[in-house]
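Chain naming follows the written order as A, B, C and D, and within any one chain the residues start at number 1.
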Amino acid sequence: MSSELLPHTLDAHPVTGMYNGKFGVWLFLASEVMLFGALFSAYILLRTHGDFPTHKETLLNYKIGALNTFLLITSSVTMVMAWASFKLNDPGKGKLYLWITVILSCAFLFIKIKFEYMHKIHEDIIPSTSTFYGIYYCMTGLHGLHILGGVVVMLYFLTVGSGLWNKNQQQFTNRIECTGLYWHFVDLVWIFLFPVFYLL
Amino acid sequence: MIASSFWLPPDISEHGSQIDIIIKYLHWFMAILFVAWGSYFLYCLVRFRAGANPKATYGDAKAKPSKVAEIVVIVIEAALLVGFSIPVWAYYRSEPPTNADNPLTVRVVAQQFAWNIHYPGKDGVFGKTRPELVDEALNPIGLVDASEDPAAGDDYVSVNIFHAPKGRDILVRLSSKDVIHSFAVPLLRVKQDAVPGMEIPIWFKAEKTNEEAQEMMKRAFELPASAEGAEAERFIKENRLRVTMADYGSVPKGATLNAEHLKTLIAAGTTSVELAPGFPVNIQCAQLCGLGHYRMKGQMKIYEPEDFEAWYSSAGEVEVFDEDEFDDE
Amino acid sequence: MSSDHHAHNPGFISKYVFSLDHKVIGVQYTVTSLIFLFFGFSLMMIMRWQLAYPGEAIPLVGGWLGKYLVDNNGVLLPEGYNSLGAMHGTIMVFLGVVPLAVGGFGNYVMPLQIGAPDMAFPKLNMASYWVYFAGGVTMLSSFFVPGGAANSGWTAYPPLSNIANTVGTYPFWNGQTIWLLAMVLLITSSLLGSVNFIVTIMHLRVKGLTMFRLPFFVWAQFVTSFLLLLAFPPLEAAGVLQLMDRVFDTSFFMPSGLVVSGVVQEYSGGGSPLLWQHLFWFLAHPEVYVLILPAIGIVGEIIANNTRRPLWGYKTLVYSVIFLGFMSFVVWAHHMFLTGMGTAMSTFFQTTTMIISIPSVVILTALLLSLWQASIRFTVPMLFALSFLPMFAIGGLTGLPLGLSASDIQLHDTYYVIGHFHYVVAPGTIMALLGGVYFWYPKVTGRKMSTLLGHLHFWPSFVFMNTVFFPMFMVGLAGVSRRLWDQTEYVQGIDVQGWVRMSSWGAWGLGLAQLPFIINFFFSAFAGKKVDANPWKATTLEWAAPSPPPHGNFAEVPVAYRGPYEYSVPNAKEDFHPQHIPDSQVV
Amino acid sequence: MAASAEDVRKSIKSYLLVFGALAVLTVITVAASWLKVSVALAIFIALVIASVKGSLVASVFMHLTGEKATLYWVLIISAFFFLLLVLLPVLQTWETSHLIDQVKP
């Protein structure tokens, strides 16, 4: 059965107020809440358990963290603007915003890897150095993978998948909306990761 | 006799009877409930089979009996919970004996695959331990030298045999050197995980010595007809952990029955012997801890208080217990 | 919406291998998971030999098992026993029962029951099957790597699981690491599936099919999907943490100062072994309900159909299932009473545990009351469904002594626990799932399975299921720890050796009893009696579709006019009143 | 689709406002971390600010304010289980350590 024949692939269901894809993405995000939730739980347990260094200045560079926070927040805005532009039937502007989002997220990843991970590894600070760095590498790494996944999806819509806009504008816009939901969630996770690792 | 106590092993502890009561009440409750459900169920199957009742009745059956059943279940569960389980836990798991109770305090350090029992010695203070000092044969818990910590001088470590007095609180500080183990003594109704990195306290009081426990567990075994063959071999194999409880001439009291004994007993026309476990109070590991999990067995040796004091004042350094070679009965 | 919308004729690969059709995917899931079930069970049949006859060479297969499992004489090694135990648990739960109950039945039956043409996300559906398949293959591959398969139990408690299976120069290629990777794949598969299920149930119901007209099975799947969605991610997180412990030498689960075999372990320390247990049981308790709820749903369908009357208290059942699902997230630490818990936490968890037993009692009672004033047809699926009731009752009742922390002191980690959860999962769930196979087989193939072989399958299975598991309660009460390679090391073990042997012979008998089923399952597909679309005279929507349903399922999109179980309605022409037929045509 | 073109145009303004708020709050978080307060208070402040930022993102960027009850229920349930998962393990560890301290020599 091709998906075009299924109900509510494009239109919102009257009860849930969402089309299939959007509901699916939200459910996926609910499970992501539990995934990162479990890791936050692990962080708290390890921290209260003892042997957990928390001298903030010496561990991580909060300035880089703040810069990255700013990049992600900005990318969230450009993402929602991209969706709004497609919604307003302005694909040129939408694509531009999407490209900016991609560039911002690549900048995030670049800074993260080049100035944080590589720098730390150079100083011989690796996951096994302490539980703090273990959980730091684990959570930010997993978050980084999420960013990478988002970038891949956006690049897909900017290149191979962009033809859909001509075939079915609504479907294309919906997909951008779903990507946006995911993207904002990734941003939201970082909003919590930043103070937890860099400031406290 | 066994079935009347729900297959539970004999209980030699002070608190065990309260745990047993919960288990017994619960099982009676479960049995009654199951029989009630079961008879209703079977009645329905017969009474309302298609042959006897070709036309089903539309609409809900009266639900009164089910409501009553549910309320009874809720009330009984609540009673067991509030009346038994919570108090038992509150008392036996959350209120350790105080100094006024004069408990015997020992550390039990589990490892793959042995139990190290660390006694503080006469001073009653445990010496310090350091992981890097661990020597599996000579210093299994890594006790420091007396020059570093004077309290360590008279400490005593016993491997796989837990000497304990009867009728006195025993406070165990349980920990592990490597992985999670679980300190389980079925006869004492004691079980507690030994989690590395934590020293979890448990406490209990034994009310029977080993000999008294043996008396409780002795049982007559029919000897096989012939001392040769598979049946005799299995008899020996399956009773290798038991000792005779009476003097049978060629087989003295307290001896482990072997093939030679069996031969002379059968030749003398004996048909049954009374046997009991040589070490009735064993410590099992209840948490999977690796390939030797099954043989991580310790023994408790429970003495009369004065005998315990005598043993305690003469205890040496490291005593390693191997059941097969142990011969002090 | 008819099937001939599809102008192109898909090739064999896209039709049967990488199919997007929920029915093909459902069948793929069913067959794969049945094979895994039998495989997982075979592992246990090997273990039961060592338990019944400790230290004796395994007959028949002993020579074939390889050096990681048996010694030169064909005697099972202790580490081989632990490997088989860990893999038995993992395979039965994650590769057998869940994929069969959710992936198989859920995928095939649920869309039909709501009148949908397919699942909401067909591609995601296909992906979830193939990710599951990859997870299964990965899991099985671990039998062949150096050191053998994972041997730290299906619960994989660290620090044991952190230090186990680290053989020589193979940091990645070893049993426990592969176990973790396979688990991550299996969890991902379940997550994809659960998203799909929830959206499908919420969005794709046909006109007139309100939530309270859904068949009970759909409700069970709905709640199950939420459990999968929200409970699995914490285990995924825990799996990632353990992977890092094993591969990158972190110490999330390792406290400082461990000494293994006399060697001080080198790592930073500061971790908590109990962290794993919390994350693991946060999944693994809801997982129990993932195993049982679809089975209850199937039993409900079969009982309603074969009693020829509406399920008693349909709404009560639905609310109970929802409540059960919710509560299952709040009881997890009753698996951890003996990890040093104080009064406050143990009181909390045993209270929630007692509370969760109430909806279970309600469900069982409702199903029993459905028999009252019924007209019971003893068809083969009905026999399985009926046998579920008392055996599930035993499983549920024996949970009580384990849920009260005081009695748990004596019974924790003994065979009593094994008896308890197997009664829930094996004689309970698996019997119900087998009943489901007999029940929906005519829908899938258009042919009925043989009744004679069905009886030959049912009666021995019923007897042997109890032979295997009932003795475990006595063994457990006697105080024998579980997971012992040789329980005759202890006098308690020797005393109950008779029960242990009985269990073992029961297990081998149970294995043999599956032969009629295997024959029946494959032969009936082309030799079974042909039947029409609704052979059981059932009311729910799947029976409105042709058998087997074509691509797109329904010749004409059905409309639901009433609730799911309108049997024996007074004044109706027949004793069943299908959901999709308007009143004017039946009264 | 719920939003019409007019709605979208209106909401662009709120996006920019939220962007400004997020930027300012990020600066505040960093500034607050320099305050000489107790660890507990510092954690509390940081989490409150993060929660404010998070809810801004969720409600405006993710349009959560315009969604229907179904989605709220899904998210409320997840949030509840998330809290349980965070709280109960910590409480248990705390209680156990208390039990252990009782018998420390």
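We adopt the following convention: a contact is a pair of C-beta atoms (placed from the backbone, for glycine too) under 8 Å apart; a residue touches a chain by one contact, two chains touch by 3 or more.
The model shown is predicted, which means the values in this text are computed figures rather than measured ones.
In terms of the stated touch criterion, the partners common to subunit C and subunit D are A, B, listed by label.
If you compare B-C with B-D, the chain pair joined by more contacting C-beta pairs is B-C. Here C is the chain whose Cα centre lies closest to the centre of all protein Cα atoms. A straight line joining the Cα centres of subunit B and subunit C is 33 Å long. The geometric centre of subunit A is 53 Å away from that of subunit B, both derived from CA atoms. The centroid of the Cα atoms in subunit B and the matching centroid in subunit D are 49 Å apart.
Each chain gets a centre from the mean of its Cα atoms; for subunit A and subunit C, those two points are 34 Å apart. For subunit B, residues that reach two or more other chains under the stated contact definition are 94, 198, 200. Under the contact definition stated at the top, the residues of subunit D that touch 2 or more other chains are 70, 77-78, 81, 85, 89, 93, 96, 99-100.
Counting partners per residue, subunit C has 202, 230, 234, 256, 271-272, 274-275, 278, 282, 339-342 as the residues that reach two or more other chains.
Contacts between chains, counted with the stated touch criterion, involve the pairs A-C, A-D, B-C, B-D, C-D. Here subunit C touches subunit D in the complex through residues 202, 226, 230, 234, 272, 274-275, 278, 282, 326, 329-330, 333, 336, 339-342, 344-345, going by the rule given at the top. Of all the residues in subunit A, the ones that touch subunit C in their complex are 1-3, 5-8, 13, 15-16, 20-21, 23-24, 27-28, 30-32, 34-39, 41-42, 45-46, 49-52, 126-131, 134-135, 137-138, 142.
On the subunit C side of its complex with subunit A, the touching residues are 1, 5-6, 20-22, 116-118, 120-124, 191, 194-196, 198-199, 202-204, 229-234, 236-238, 240-241, 244, 248-252, 256, 267-272, 275, 278-279, 282, 551-552. By the touch criterion given at the top, residues 6-9, 18-20, 22-23, 26-27, 30, 33-34, 37-38, 40-41, 44-45, 48-50, 53-61, 63, 66, 69-70, 73-74, 77-78, 80-81, 84-86, 88-90, 92-94, 111-112, 131-132, 134-136, 142, 177-180, 182, 184, 186-187, 189-193, 195-198, 200, 217, 238-239, 241-242, 277, 280, 282, 284-295, 297 of subunit B touch subunit C in their complex. Residues 96, 99-100, 102-103, 105 of subunit D are the ones touching subunit B in the complex.
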